[in-house]
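Two complexes follow with chain A in common, the first pairing it with chain B and the second with chain C.
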Partner chain A sequence: MNAGPANGALLTLSGVEVTINTLSGPVHPLQGVDLEVFPGETVGLVGESGCGKSMTLRSILRLMPPGGAITGGAVEWQDRSVLDLDTDELQTYRGSDVAMIYQNPVTALDPMLSVERQIVDAFKANREVLDGAPEEFAREALRDLEFGNPDAILKRYPHQLSGGMAQRVNIALALACGPSLILADEPTTGLDMTTQVRVLDLLEQQVSARNAALLFISHDLRAVARVARNIGIMYAGRVVEFGPRERILTEPSHPYARALLDCVDLRAGERPRSIPGLVPRMTEVYQFCAFRDRCAYRMAVCDEEPLPVHDLGGRRRLLCHLGPDHD
Partner chain B sequence: MTERTILEVRNLSKTYRVRRSIGLVETIEAAQRVSFAVERGRTLGIVGESGSGKSTVARCLLGLTPLTEGEVLLEGTQLGDLGVRKMRSHRRMMQMVFQMPQASFDPTHTVRSSVAQPLRRLRPDMSKSEQVERLRHVLTAVSLGEELWDRKPRALSGGQLQRAAIARALAPDPELVVLDEPTSSLDLSVRGDILSLLQELQEEFHVAFVFISHDLEAVRVCAHEVIVMYLGQIVEQGTAEQVFGSPSHPYTQALMAASRFETDSFELGPKGETDPSSGCRLMPRCPLAEAACSAEQDLVPSGTDGRTVRCWKVVASG
Partner chain C sequence: MVILAVVLLAVVMIGFTITRSTGTPLYASLGVAVSEAIIEQRAEEMGLNEPIVVQFWTYLTHLLQGDLGVSRISRIPVAEDIALKLPATAEMVFFTLMVSFIWAIPLGVRAGLRPGGRLAKLGEGMAQFGVSVPAFWLGLLFIFLLYFLPPRLPEPLGPLPALFPPPLGRLGGVDPPAMVTGFYTVDALIAGDFRLAWEALWHLILPAVTLSLTSGPPLFRVTRTAVSEAMASPFVEAAYSYGLGRRTVLIRDVLRNASPPVLNLAAMTFGYLIGGGVLVEVVFSWPGIGSYAVWGMDNSDYDVVLAVVIIAAVIYVILYFIVDLIQFAMDPRLRD
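Here is the complex of A and B:
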């Protein structure tokens, strides 16, 4: 058993930076991500496309795209540095400590293998000793995910599953090796809204039944709000505000978080809200606040000094010159 | 049909034959006796889950797939009777905006060239200079910065490219534009922009929209009339205020709850693998279902507000 770091966090990201070298020059998708996940808790990350949500999950697993590398900061799993794990240790870490659920449930599965084969393989790969037949575990795993007829589903191939069913199989796969942390990358985005809620609830139930932690990312604040107890708002490769769900949903402090909240809430008869300007392209490293060009509260200090980090206690953190108590 | 009606759909049915395996052909009723009308300068919203028949209806409207039964009348002319040549002249009157703007533009063409294409194809009656003038007019109307006109699609953001797609649809001066999930692939921060833009353009160009989306909030903002579809059938039809303000069909209520991620009040059962052959199609999932629901359900007026609903329980309770 690991003693864990002093604060007891399962996963700690501090100042994580990622650079990807592309043909048209370097891109900097992560520019200092700070994030903590404690055992058994649900954390959500919200932001627009290109804000670095998915790259954050990839950096946790050390899965970098071609030309990409973690160029700064630290990723710590309990008291160990993930960046220093060797190949064998990394293999165990991925799957047994941390598992991932991807956005497109059908392409995340192997099209050539039956559902049974995929779940059985996952069990065998990461659990050295199994009491009983792996097939029985697979059937049980599907029953946990509310498949009424697991035997029929085990025989099927991915193309014979609907999106919602495929995503439930992926959840079963992710849970198979008993990880302490599940990463979910927009797990319900392509699904029907009625199915979305069902899959989200099921994911949350299963994760909490196993006392595992969940780090959930989505562009949809409403989906994150349904599942996560603590929410982080990402912009331009940083978590610009973090706090308990109730706080973020009712009175966020960061101007970007406020603007995003206004966009979600469409009211009939009112002009729909939007955020003027464009998402930054991440080809430069932002010395100052990356949101200031789009910000309604821009001040002189925003162009002169780097972003301050306000640690407000109670898990609340804010990266903004305005501070927490502006109107 | 009134003077103002631009599009009328009567009893549209579409059946697909799907080969499941050798010798086993299944028929899928993607749309079953769907009827509605759209007035000039108004917006009809179509909502429902995937598989509800929303996109099938859109494809039938545009003549992209033949109807199995029924009629589509555009300004009183039945589209099925038109030959290829006549259909082309009618194409000008109906245009479409697709869900994925990146996939609906030729990546090797500039935005200007793609937006000009329908003008060249569908407006041979316009002179070259009139076409250039029209092109400038529509690109300006969608507020697409002039510096982007000669760029390739990949240089534009999703929101910018969707503006260009809307300009392209409006270029030949259509009477009706079908918008198939126009905001679903965009970030929430630009969704509001596109929705306001559509409302402004409707005022300016006096064009009718058929707005198809699973995003109920977006449809609520834009639509005047709404139809709710489930497994190929209309289950509720009325004004946007009626349908969204006080949803009456159990399916509409469940959609509304799910779209706000608040299903605790009303939740449907899981989506079934097979459809019931007779009776209410929602019956296997509906928490209110009882024995009488296995009788065939008709779309009938409910109460006094003029909306129609396909649920005997709702109708009986007035």
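Here is the complex of A and C:
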């Protein structure tokens, strides 16, 4: 069944493939990503670094690194194909429909421009009619992010902001565009613990106040579990399991999801474990299951047949020969 | 500011020491067929018998009053000569930079935006050529190809004689315009004489193109690197992700962030060419301060050589100061 506008999804990725041509040969960070995001919902994606999380977000915005291209699959926004948008349509889609919050908050801001200039420019690019001065909107945008004295912050430059402040400015920037989907690329990774919690709370609160959807990626399962109602587990450029948070956190079906859960399940006195084996190299295109070399449940069929896609209903999906009901 | 003064003082000291340790100017100014007594008298006149520290002090105090000394050969005050020759060099260097801004920077921007593209390859080719070829040779080649290689017509007409003399010097046997800025092109325009302005420009083109081809490659490369670094920075991707257009991102983010190193190098190139364009000045008979310094060296004329060194240093220092001011105005990180 093709998930399209018929089921009311805001964003649908089906079988998205990305290839980057580098000096040392092609790299395939995405090898068939399937994902849906519905209006107003929060979705999380978890996986080790290099599994294609960030690239998934970039493919949604069609922002490819040098030498990179979306080489297969479809990205659909409501009933439109994002891959077929022309330059003007793409410019409108970016920001107004989907906006992104970046991992490193300080480098995501132009060091030579004031906070005010950056927010005002984002406003102007995305709102055709402003009833009022854009500076007033910028001040309001900062106030929403709990800045006590927005006027002082507006006059500042990125290097004068702490990491937590810079990330709140980035969130304000993304929200200023008025998108119905926010992409968050590990937005709290560089921040200290207390700031992380604060920034996440603010992000959640602002996203739900605007009825926007949130697609949140992180290597930190706990951060994702805090924010997301539905969670996808990514491995080697594919979403290998997807389902509601409770299901994924308590009884995941995919062996990799289980292993990942074991890693973070820090009961008193236990040391965190790692998953044996090597992270897959993305220079290869995986015809069969990419996890089978590290998998405790490996069977003969894993080496013979491509991964089956089990659609289990209720947003649950699984890519594994074991099927949903193994012990 | 204090640092700038210290730099200049150091230049004067080093320059003074070096020029004074390269032999005596006495024979050069008087010839060798003179008696010891005359030599001795001249040395006394010129203060050469004083201890070197006293000589330096004398020089420095005169320098601070704007007195650069007198040429021992022509007996013309050095400051007067420099007032004539510095504008000539400055005009040539200025047009050289203009020519570089026309090719090296646009091609550098393009090469940074689209590495491997056709224009990027053109720029890389020109840069490779420019660094591989000596400027004086390129200048001679231009003169030869354009003015001495007569166009050949089919027999029996044979080769035609070269139609035009090469544009050597600043003007072809015409009186210069009334001195205002010392730039003949500008002065001619001020005087309202367009023919003369064109004549001056015509004489500038070849030396400027020659110098630009050989001094422009670093500008091309730095521009390319700065632009491609800016393009790869997260804030540029973020700007795109907020739905800003290509042109906006290019001007607002990419060019702004790429400009400091390019600006720096342009100032350095200007300073370098003030003294470093000597060979091209000689090839094109350009009456500039480089040729003047060479003439001074040939004649052991201390004050001429030292004055050129000091003037070049002053220009460097002033340029750096201006560039610092511009960058200070542009980059908020420098203001804190």
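One rule holds for everything that comes next: the second predicted complex is superposed on the first by the 317 of 327 C-alpha atoms of A that agree within 3 Å, B and C clash if a C-alpha of one lies under 4 Å from a C-alpha of the other, contacts with A are read in each partner's own complex, and residues count from 1 in each chain.
Here is the rule we go by: contacts are C-beta pairs under 8 Å (C-beta built on N, C-alpha and C of every residue); 3 or more make two chains touch, one makes a residue touch a chain.
It should be emphasised that the depicted structure is a prediction, and the values quoted were computed from it without experimental measurement.
A.B. asks: In the superposed model built on chain A, check whether chain B and chain C fit or clash.
C.D. replies: After superposition on chain A, chain B vs chain C: fit, no clash.
A.B. asks: Once the shared chain is lined up, is A:H159 touching chain B (first), chain C (second), both, or neither of them?
C.D. replies: A:H159 sits against chain C, while chain B stays out of touch.
A.B. asks: Between chain B and chain C, whom does A:F291 touch in the aligned arrangement: first, second, both, or neither?
C.D. replies: Neither chain B nor chain C is touched by A:F291.
A.B. asks: Look at A:F242 in the shared chain and tell me whether it touches chain B only, chain C only, both, or neither; answer first, second, both or neither.
C.D. replies: After superposition on chain A, A:F242 lies in contact with neither partner.
A.B. asks: Classify the contacts of A:F137 with the two partner chains as first (chain B alone), second (chain C alone), both, or neither.
C.D. replies: A:F137 contacts neither chain B nor chain C.
A.B. asks: Report for A:F216: first if it touches chain B alone, second if chain C alone, otherwise both or neither.
C.D. replies: Neither partner.
A.B. asks: Report for A:T92: first if it touches chain B alone, second if chain C alone, otherwise both or neither.
C.D. replies: Touch partner of A:T92: chain C, not chain B.
A.B. asks: Which partner chains sit in contact with A:T194 here, chain B, chain C, both or neither? Use first/second/both/neither.
C.D. replies: Only chain B is touched by A:T194; chain C is not.
A.B. asks: After the superposition, pull out the minimum Cα separation from chain B to chain C in whole angstrom, please.
C.D. replies: Value for chain B versus chain C, nearest C-alpha atoms: 6 Å.
A.B. asks: Going by the contact rule at the top, pick out the chain A residues touching chain C in the complex.
C.D. replies: Spelled out, the residues of chain A in touch with chain C are 61, 63, 66, 87, 91-96, 99-100, 102, 104, 107-114, 121-122, 125-126, 157, 159-160, 170, 173-174, 177.
A.B. asks: Which bits of chain C are touching chain A when the two form their complex?
C.D. replies: 115, 232-235, 237-246, 248, 252-253, 256-257, 330-333, 336
A.B. asks: Quick one: in the complex, what on chain A touches chain B?
C.D. replies: So the residues of chain A in touch with chain B come to 48-49, 146, 162, 164, 192-198, 200, 219-223, 225-226, 259-260, 263-264, 266, 268, 271-275, 278-279.
A.B. asks: What residues on chain B touch chain A, complex-wise?
C.D. replies: So the residues of chain B touching chain A come out as 49-50, 157-158, 187-193, 195-196, 214, 217-218, 220-221, 240-241, 244-245, 254-255, 258-261, 263, 267-268, 270-271.
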